[in-house]
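Presented sequentially are two complexes of subunit A, the first with subunit B as partner and the second with subunit C.
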Partner chain A sequence: MSSPFVVLPIIFQLFLAVLLMFCWTQKNLQKLISVVGSLVAVIISVVLFAAVWKEGIYTTQAGNWVAPFGITFVADTFSTLMVLLTTLAGLAVSVFSVGSVRNARIKFGYFPIYHFLLMGLNGAFLAGDIFNLYVWFEIIIISSFVLITIGGEKAQLEGAVKYVTMNLLASVVFLTAIAILYGLTGSLNMADLSLKVAEIENRGLVNVTAILFLVGFGIKSAVFPLYFWLPASYHTPPPAISAIFGGLLTKVGVYALIRVFTLIFIPDEFMINLISGMAAITILSGGIGALIQNNLRKIFSYLIICHIGFMIAGLGIYTETALIGSVFYLTHDIIVKTTLFMVAGLIFKIKGTYSLRLLGGFYKEYPKLSLLMSISLFSLVGIPPLSGFWAKLFLIEGGLSVGNYWLVGFILLGSFLTLFIIAKVWAGVFWKDSIHIPVKMQVKYFHELKPLKRQAMVGSIIFLSVLSLSIGFGAEYVIQVASKVAESLMNPQDYIHAVLGQTN
Partner chain B sequence: MEILLVILIGLLYAAGIYMILRRSLVKLIIGLILLGNGANMLIFLLGKIVKGKPPIIEATGKALEGLYADPIPQALILTAIVISFGLQAFAIILVKRAYKVIKTDDLDEMNATDEDL
Partner chain C sequence: MKTLIFKTASNYLLPLLLLFAVFILLRGHYLPGGGFVGGLIASIAFVIHSFANGLETTRKIIKFHPGFLMPVGLTIALVAGAAPWLFGMPFMTGLWMDEPIPVIGLVGSALFFDTGVFLVVIGVTLTIIFTISEGL
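Let's look at the complex of A and B:
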């Protein structure tokens, strides 16, 4: 079905960002616009999701150029699910920013750039044209560059140098892949590419292009051996920014990988083995990396890598059941990782440090907050019936059904490592006796903040924790959505027909 | 013409990757710029080069006939150039700031973020 409504989530974020730029000096007005705007964005994405769920795929052709020639925007269940999750996490981070981002950063345009980032994310999820996807990726990275450096602390700049370099390199690789793909097929429309790539006889060249895409998206989604920029940079910006980065930026890469490798390049045995191998080592290296860290945010950074491995593993197993697992894990991970970085930020605001060695006694001093934080920590481990459990169930079932036992082994090992790491975090931050931490002058502590700011920080964590709980307890509904997504990924005819409908 | 472009693109990619692998921040930026240019040339080359046949429909005709230059790669390159221009401007300013704050341009010495906090 053709409807211009598809681009509304993108246009609305653009509108918000521009509106925020007009209120450059009014900090409080900016906060209000950002929070209210994010709330409206959630409503828009819920409506879009419901419409696509009921009536099937929505498309729109920019400038009314017919499908393979113009730029297409496609909203299928997968895209709209991702847009919905983006806006939900976006709302929570926006509220969290009200509480935690310093005025100095807001003065340099924190909120407008934040909404440009969300615009880029929504655009990447809704793009139906591979070059358009590249452009959205560039919008995402340029906004994230500004967010990671805003404030200009020493650690931030150092992390940013690595982050910027690797992301620019990924863009070049992605652009190279697009160039070769265009040379091979003469098309950029993803649905059209799906048909044309299948007809190419020179499979070697197709595989080379596929690997270029794998490398480009692999750098962005931080899979082994391309992840080293992530733990070097994600712990440097303020907590609100690392929350949105940790929750969403790597997941765009995963989304693009899943989309490209189910629609355009149907993986042959070699690609399946390559992706499975990458997934296994990603799980292992992320888990082991997290084991030896002592900085709370660095632990979570490595856990991102570990859990990216789970999602890629679903793609590596390549059955419908495994893809249900991947999509479910993606849903769960966006919410939980965002919460975890917020939790780390809140702990820092209260105690003034991220170090596991110095932290301690949190449970004794703040029992209610600890209980709240335990929800996201244990969801991450996947203790039933919390949200992480169901996704892994499907991944393992999918792996067993195709006899990919070693990958299942790695998934179980990854879960065990996560459990061990979270137990270490729990023991270190919450249960261990507290020792005296020297008071830092430059940190504005939690108890010094205004009540509204405190409520904003805790409230956003409560919001996402409730969401995470409802994913766990309402797993039936999420499984329904994930099965529909996985089914349409494995059978892309509907997608192709919806885009090229007029000509086919 | 094609073979000349192929060699040029290969050189640009090779030089770009070599420069990225150096330790100096300035060379890093030069490497990224060379790589970006290489990718743009690659799009140009793979759009199939046709000489002297602009994609303009004759006043008497209704559609393009015969071989003509594909306008899409040029649009793609234009977009890519604009984007990389913005990114490179940002990267250069970032490097300047980083040099002033960290007081080194040697990437090997930028390891404060890897330390245990």
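Let's look at the complex of A and C:
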């Protein structure tokens, strides 16, 4: 079905960013616009999701040029699910920013850039054209460069240099891959590519191109051995920014990987083994990396890598059940990782440090907040019936059904590592007796903030924790969505037909 | 660079270059040119003027902060892009007038989009260059 309003989630974020630029100097108005706008964006994406769920894939051709020549935007269940999650996480981070981002950063355009970032994310999820996907990736990384450096602290700039270098390298590899693919097929439309790549006889060349895509997206989604930039940079920006980075930026890479490797390059034996191997070592290296860290945000950064491994593992197993697991894990991980970085930010605002050794006594001093934080921490571990459990169930079931026992072993090992790390965090931050931490001058502590700001920070964490709980308890519905996504990923005919229409 | 020749020349170059920028902008639909190049040329006009006469004089000519052109340009481009929605057509479809306007020619929504780009480029370039030259 064709509807010109498929691009509305993208255009609306652009509209918000432009509106915010007009209010460059009014801080409070910017906060209001950002929160209200994000709420409207959630409503838009819910409507889009409901429409796609009921009536099937929606497409639009920007500029009204017929596919495969025009720029196609496709809203299928997978992309609208991702758009929905983006706007939900976006709303929470927007509210959290109201409480936690300093005025100096807002003065340099924090909110407009933040909405440009969300525009890029929505664009990447809705793009139906591989070059257009590249353009959205560029928009994402350019806005994230600004966000990661805004404020200009020394540590921030150091992290940004690594982040920028690796991501630019990824863009170059990605662009090269697109160029080769265009040379091979003469098309950039993803649905059209799906048909044309299957016809190429020189499978070796196709595999080389596929590996270039794997490397490009692999750097962006931080899989082994290309993840080093992530723990080096994600702990440096303010909590609100690392929340949206940790929650969404790497997941765009995973989304692109899943999309490209189910639609364009159907992996053969070699690719499946390669992806499975990468997934296994990603799980292992992320988990072990997190074990030895002391900084709370660095622990969570390494856990991102570990759990990216789970999602890639679903792609490596490559059955419908495993993909259900991947999509479910993606859903759960976006919400939970965003919450975790916000939790880390809140702990920092209260205690003035991220160090696991210095923190302690949180449960004694703030029992209610601790209970709130425990939801996201234990969802991450996947204690049933919290949200992480169901996804792993499908991944393991999928792995067992194809006899990929060693990968299942790594998934279980990753789960145990996560459990151990979270137990360590719980013992260190919440249970251990508190020791005296010297008061820092440059930190604005939680109790010094205005009540509204405090409520904004806690409120956004409550919102996402409730969401994560409802993913866990309403798993039945999420599984329905995930199975529909996985089914359409394994059978891309509907997608191709929706884009190319009558010509095929 | 306070030489008399450069100073005098820059006063004449400013309107000439701005005119040339608009020419390039309008030329852009079928021939090389367009909003991006035009915007760069227009900002070069102001940059040359600021080199010759000092930053403050150029600021007085422009009257407002050049950064303000960014949201204005983006709004024009956004409206031009979204206008086809009113006619039930996809985003960024080119809408064209039936009759050409004398001198300018056939006007379509693409021209407004390009004008938006033109303004954004001027805004961005001047903001960057003015900020850097302030620090010097």
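Heads up, the rule we're going with is that the second predicted complex is superposed on the first by the 504 of 504 C-alpha atoms of A that agree within 3 Å, B and C clash if a C-alpha of one lies under 4 Å from a C-alpha of the other, contacts with A are read in each partner's own complex, and residues count from 1 in each chain.
As a working rule, a residue touches a chain if its C-beta (ideal position, glycine included) is under 8 Å from a C-beta of that chain, and two chains touch if they have at least 3 such contacts.
Keep in mind that this is a model prediction, so the values were computed, not measured.
Colleague: Counting residues of subunit A in contact, which comes out ahead: subunit B or subunit C?
Modeller: The larger set of subunit A residues in touch belongs to B.
Colleague: Determine, under the contact definition given at the top, whether A:183 touches first (subunit B), second (subunit C), both, or neither.
Modeller: In the superposition, A:183 contacts subunit B only.
Colleague: Name the contact category of A:355: first (subunit B only), second (subunit C only), both, or neither.
Modeller: So A:355 only meets subunit B here.
Colleague: Considering only the touch criterion stated at the top, classify A:233 as touching first (subunit B), second (subunit C), both, or neither.
Modeller: The first partner, subunit B, only.
Colleague: Mind working out whether A:138 is in touch with subunit B, subunit C, both or neither, as first, second, both or neither?
Modeller: First partner only, subunit B.
Colleague: Examine A:175 and indicate which partner it touches, taking first as subunit B and second as subunit C; both and neither are also allowed.
Modeller: In the superposition, A:175 touches subunit B alone.
Colleague: Where does A:157 make contact in the superposed view: on subunit B (first), on subunit C (second), on both, or on neither?
Modeller: A:157: touches subunit B, not subunit C.
Colleague: In the overlay, answer first, second, both or neither for which of subunit B and subunit C A:320 touches.
Modeller: Touch partners of A:320: none, neither subunit B nor subunit C.
Colleague: Where on subunit A is subunit C touching in the complex?
Modeller: 2, 4-5, 7, 11, 14-15, 17-18, 21-22, 24, 60-64
Colleague: Under the definition above, what is the set of subunit C residues touching subunit A in their complex?
Modeller: These residues of subunit C touch subunit A: 67, 70-71, 74-75, 78, 81-82, 84-85, 88-94.
Colleague: Under the definition above, what is the set of subunit A residues touching subunit B in their complex?
Modeller: Residues in contact with subunit B: 131, 135, 138, 141-142, 145-146, 149, 152, 154-155, 157-162, 164-165, 168-169, 171-172, 175-176, 178-180, 182-183, 186, 188, 232-233, 235-236, 293-295, 353-355.
Colleague: Please name which positions on subunit B make contact with subunit A in the complex.
Modeller: Touching subunit A: residues 16, 20, 25, 28, 32, 35-36, 38-40, 42-43, 45-48, 70, 72-73, 76, 79-80, 83, 86-87, 90-91, 94-95, 97-98, 101-102, 107, 110, 112-114, 116-117 of subunit B.
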